[in-house]
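Chain IDs A, B, C and D follow the sequence of writing; residue 1 opens each chain.
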Amino acid sequence: MEVGFIGVGRMGSAMAANLLKAGHSVRVWDKSPEPLPALQRQGATIATGAQDAFRGDATFSMLPNDDAIRDVFIAGRMAPAAGSPVHVNMATASVQLAKELAAHHAAQGVAYVAATVWGRPDVAAAGKLNIVAAGDAAAIARVLPLFDVIGQKTWRVGDEPSRANLAKIAGNLMVACAIEAMAEAAALVRAHGMSAPDVLEAVIGSLFDVPVYRGYGNMIAKRQFEPPGFDLVLGMKDVRLALMAGEEAHVPLPFASVLRDSFMDAIANGDANKDWSAIAQVAARRAGLQD
Amino acid sequence: MEVGFIGVGRMGSAMAANLLKAGHSVRVWDKSPEPLPALQRQGATIATGAQDAFRGDATFSMLPNDDAIRDVFIAGRMAPAAGSPVHVNMATASVQLAKELAAHHAAQGVAYVAATVWGRPDVAAAGKLNIVAAGDAAAIARVLPLFDVIGQKTWRVGDEPSRANLAKIAGNLMVACAIEAMAEAAALVRAHGMSAPDVLEAVIGSLFDVPVYRGYGNMIAKRQFEPPGFDLVLGMKDVRLALMAGEEAHVPLPFASVLRDSFMDAIANGDANKDWSAIAQVAARRAGLQD
Amino acid sequence: MEVGFIGVGRMGSAMAANLLKAGHSVRVWDKSPEPLPALQRQGATIATGAQDAFRGDATFSMLPNDDAIRDVFIAGRMAPAAGSPVHVNMATASVQLAKELAAHHAAQGVAYVAATVWGRPDVAAAGKLNIVAAGDAAAIARVLPLFDVIGQKTWRVGDEPSRANLAKIAGNLMVACAIEAMAEAAALVRAHGMSAPDVLEAVIGSLFDVPVYRGYGNMIAKRQFEPPGFDLVLGMKDVRLALMAGEEAHVPLPFASVLRDSFMDAIANGDANKDWSAIAQVAARRAGLQD
Amino acid sequence: MEVGFIGVGRMGSAMAANLLKAGHSVRVWDKSPEPLPALQRQGATIATGAQDAFRGDATFSMLPNDDAIRDVFIAGRMAPAAGSPVHVNMATASVQLAKELAAHHAAQGVAYVAATVWGRPDVAAAGKLNIVAAGDAAAIARVLPLFDVIGQKTWRVGDEPSRANLAKIAGNLMVACAIEAMAEAAALVRAHGMSAPDVLEAVIGSLFDVPVYRGYGNMIAKRQFEPPGFDLVLGMKDVRLALMAGEEAHVPLPFASVLRDSFMDAIANGDANKDWSAIAQVAARRAGLQD
């Protein structure tokens, strides 16, 4: 298929590369040109602009936040350069932006699918992402073969694209909760003179043996939060998205509220650019534990 | 080996049965006689009292709470009836009781091991429990062959028995946190008109595919909290143990504080005897969601 | 002096009336015309539009929220109709809007003072408001005689206008905290079978004998939250302003987080249009107390 | 009247001195003898033990905590030495201890009144305490003339003595909430570069002009928490009493939960022996503010 790809940071590049490997024709674009040559060597065409990548059968976008998406797709009044591509938005966006973009594309007559993903860049490179998709069934059917290339499984959560965004927000909230839970457990056992690595190993090995717990548990156990796998400020953004979605529908989220305070404490105390599991330092510091 | 077993409720019975199947001689006792005949049919000897089960190579106890343990082992000034059994205490006890009992047994010259377990009765029946053990290394070595019969893996967390209790408390806190995280995620997506089962399926299938999330996620998705797998009031007890342990060492535990309030809300609103995942009803009610 | 007054709801009308009584010439405007005739009868001139009220020595504005302020003063590109009036903004606005408006007025060469007030309409009518003012010292000096007419005391908190807004936000947060504190105390004693009115009377009479505690304490004691003195949704707005200001400067505000959840619980359960002290119903409901 | 006084620390001494000044005969005792000579010089008789001070018309006790009360009045199986004194217990005790002591005295046939007080030692010295009393009406009537000597007002909250304890606990919770509210407000404005003293002055002067806010607000504004007016560890004890009372009746108390975590954070970080308003340091530290 003819595929455009807008936003080829670490995640986007890995997905675009898999599409190329599977024999699709891919036209890539990014505001910052660094990742483009490598994709060109793998067979991609470099687009002359976002507009030029918005063509063919489908255009994926993997942009960092609401503002970037709004700039490219709404403020820029971008229309397809050729064909009638389905726009597949993979970003973790707010529910509000998701609805705004859906309305914008509906007015344009552009088919729109939100397809958020879970998985780090190495998982993306292996084509093993989990994809949560929402949107018009016919549009999803058109891009499903592409999803099968980049992901191991696609979960459908409805016709309204914003639902994929909310599912992603809810899932990320659950990840953040798992991190804070480990942070408190680690502070508790350390303050009693025990080895946090031993206890986390026992608990995770017994009950929570999945990469989310293994990976963040390992960082918390070793108290090593650099280099970040996922930046703490981005984690804060995700928690804020959950709180905003909660506010929109009047849903108290006391765990999310605690997380917000923990993230702010971490940022105020210099850990903004560490991995988001560095909120474990907040729990430790509050318990008077020295590094 | 000659083994005593004090406290043969659902968990204790399953463990005692596995010890019998493995060829050990087991002498059982329980305050309430109901479960005893079945074990007798499987080859157990019924002890005449707790004292009479405190003999041989090892005596396991699986009692429901601090008070029951204190009544049997401390207040009753019980001493071994014969042999020099290692006392293996499998209960989820407070750190304080754990230390008190360790001191008591040390004064008696009784070897003492705390070995807490994770796993429901069906897991116990399958001999697949995860065991977290702490205590004198020689004493653990004596009972390790028995642990291999009842569990799939034994995690060691130190020489001081109370450490197994604290590890268990920390792990149970993490389970309770996972439940509340799912409860908030479910309330959030339901309030936006989405299907909580679909979203939990996507999130759990993608990121949290372990029985803890599967089992409680299923109850939360279906909003079906009876019959209870683990009673809400017992969950409240476990959170209280975490808060007590935190207070002892001056560790703020904001998630545990939220959980305490959620459990109390649930109890005050009539859900004390449902499964502890019924705190999801608290999150739903606070969001104005009808059953 | 020649004074404009934009926004003459209950608070604005009371202040404008006092300015008239003190002999000032007042030109009033409001999007909704209902309150204008009464002020005209008291001697006010009715302006033909916001623009027409932006003239003379000073123009006060008392608008309900950021959007209303932005519409009138920024989006409308309004400039003074005559004279070089000091704009005195009395609204509870966000710190962000306050900074935006300060920059806007600076670019226009309009002197700008933020002067937030505490006091209900009856206090405004009595000319007994407490005023918290920030802005250029010379500009404040020009309007101070007017403040002396509408308030009993003016507190100065710096040269940057947004500081008056932040002081107001901080003070309103403290009021909301006092309400939640009484709500929890009332639920606690009621759940033990005691009379909340008796206990609140004893505590307030002994320790907190000021109108904030007396007034809200009385509503909580009687569980009578209508008619609202201050709408619950506006209270939610104020707590949100505090959280936003905290987020901007990375300040964890755990009490504000709890309040946010309580307000959302109240809104989700049908109390949006009651007095904001109706968060006491949340505390009562969570404790299983019947109305 | 013939009055005994057990526990003459700073508060007890001030009250006993006022009783002496009013012409009553007072027999004093304390575990630590330091304060006794000064009272003797003011006309008190020094008792030979607690027992010897338990006589006459009334015996007041002002002991620091549940354990001390239990030791003296229950474990010691103390009975009146002479007369049929009403025992007036002024301590901040738990509801549980209050009930236990009421039952104990009922069995002994000793009339029992709980009369908790608000006020610092200087207020006690001025005879201006606020007293919250509960107990048998006839017993209260007997000691009311003594209350009029030591306090400015007596609030009645029922026949069951424990109710005075719960009212005191509820009131102290409200004081702790006021402190945390000021702590958050101060951190918020400081993080925005404002003067916390100026803002607290404006807010307190406008809305909260009572000694509780003035006194703690002043300590928070100056960030000077020594010497303590009320020790932080005692504040922690009071919050724990509120949480225990809440737990007994299934009342979620989210503000109390936040306070508990703040107090623990303060203790873990070295402020146990400062004034309890030093929880403002927790708020400041979490916001990254330097001292």
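Everything below uses one rule, namely that a contact is a pair of C-beta atoms (placed from the backbone, for glycine too) under 8 Å apart; a residue touches a chain by one contact, two chains touch by 3 or more.
Note that this is a predicted model, so its numbers are computed, not measured.
Steps from chain B to chain D, taking the shortest chain of touch contacts, total 1.
Overlaying the C-alpha trace of chain A on that of chain B calls for a turn of 180°, given as a multiple of 5. Over half of the residue numbers at the interface between copies chain B and chain C are found on both sides, making the touching surfaces mostly the same. Among the remaining chains, B is positioned farthest from chain C, on the basis of C-alpha centroids.
Between chain A and chain B, the centres computed from C-alpha atoms are 36 Å apart. Work out the mean CA point of chain A and of chain D, and you get 53 Å between them. Computed from the mean C-alpha positions, the centre of chain A lies at a distance of 40 Å from the centre of chain C. Annotation for chain A: residues touching 2 or more other chains are 191, 246, 250-254, 258, 261-262, 264-265, 268, 286-288.
Those residues of chain D that touch chain A in the complex are listed here as 191, 254, 261, 264-265, 268-270, 282, 286-288.
On chain C, the positions that touch chain A within their shared complex are 240, 246-247, 250-254, 257-258, 260-262, 264-265, 267-268. In the complex of the two chains, the chain C residues touching chain D come out as 95, 118, 130, 132, 153, 155-158, 163, 166-167, 169-171, 173-175, 177-178, 180-182, 184-185, 187-189, 191-192, 194-195, 198-199, 201-203, 205-212, 242, 245-246, 248-256, 258, 261-262, 283, 286-288.
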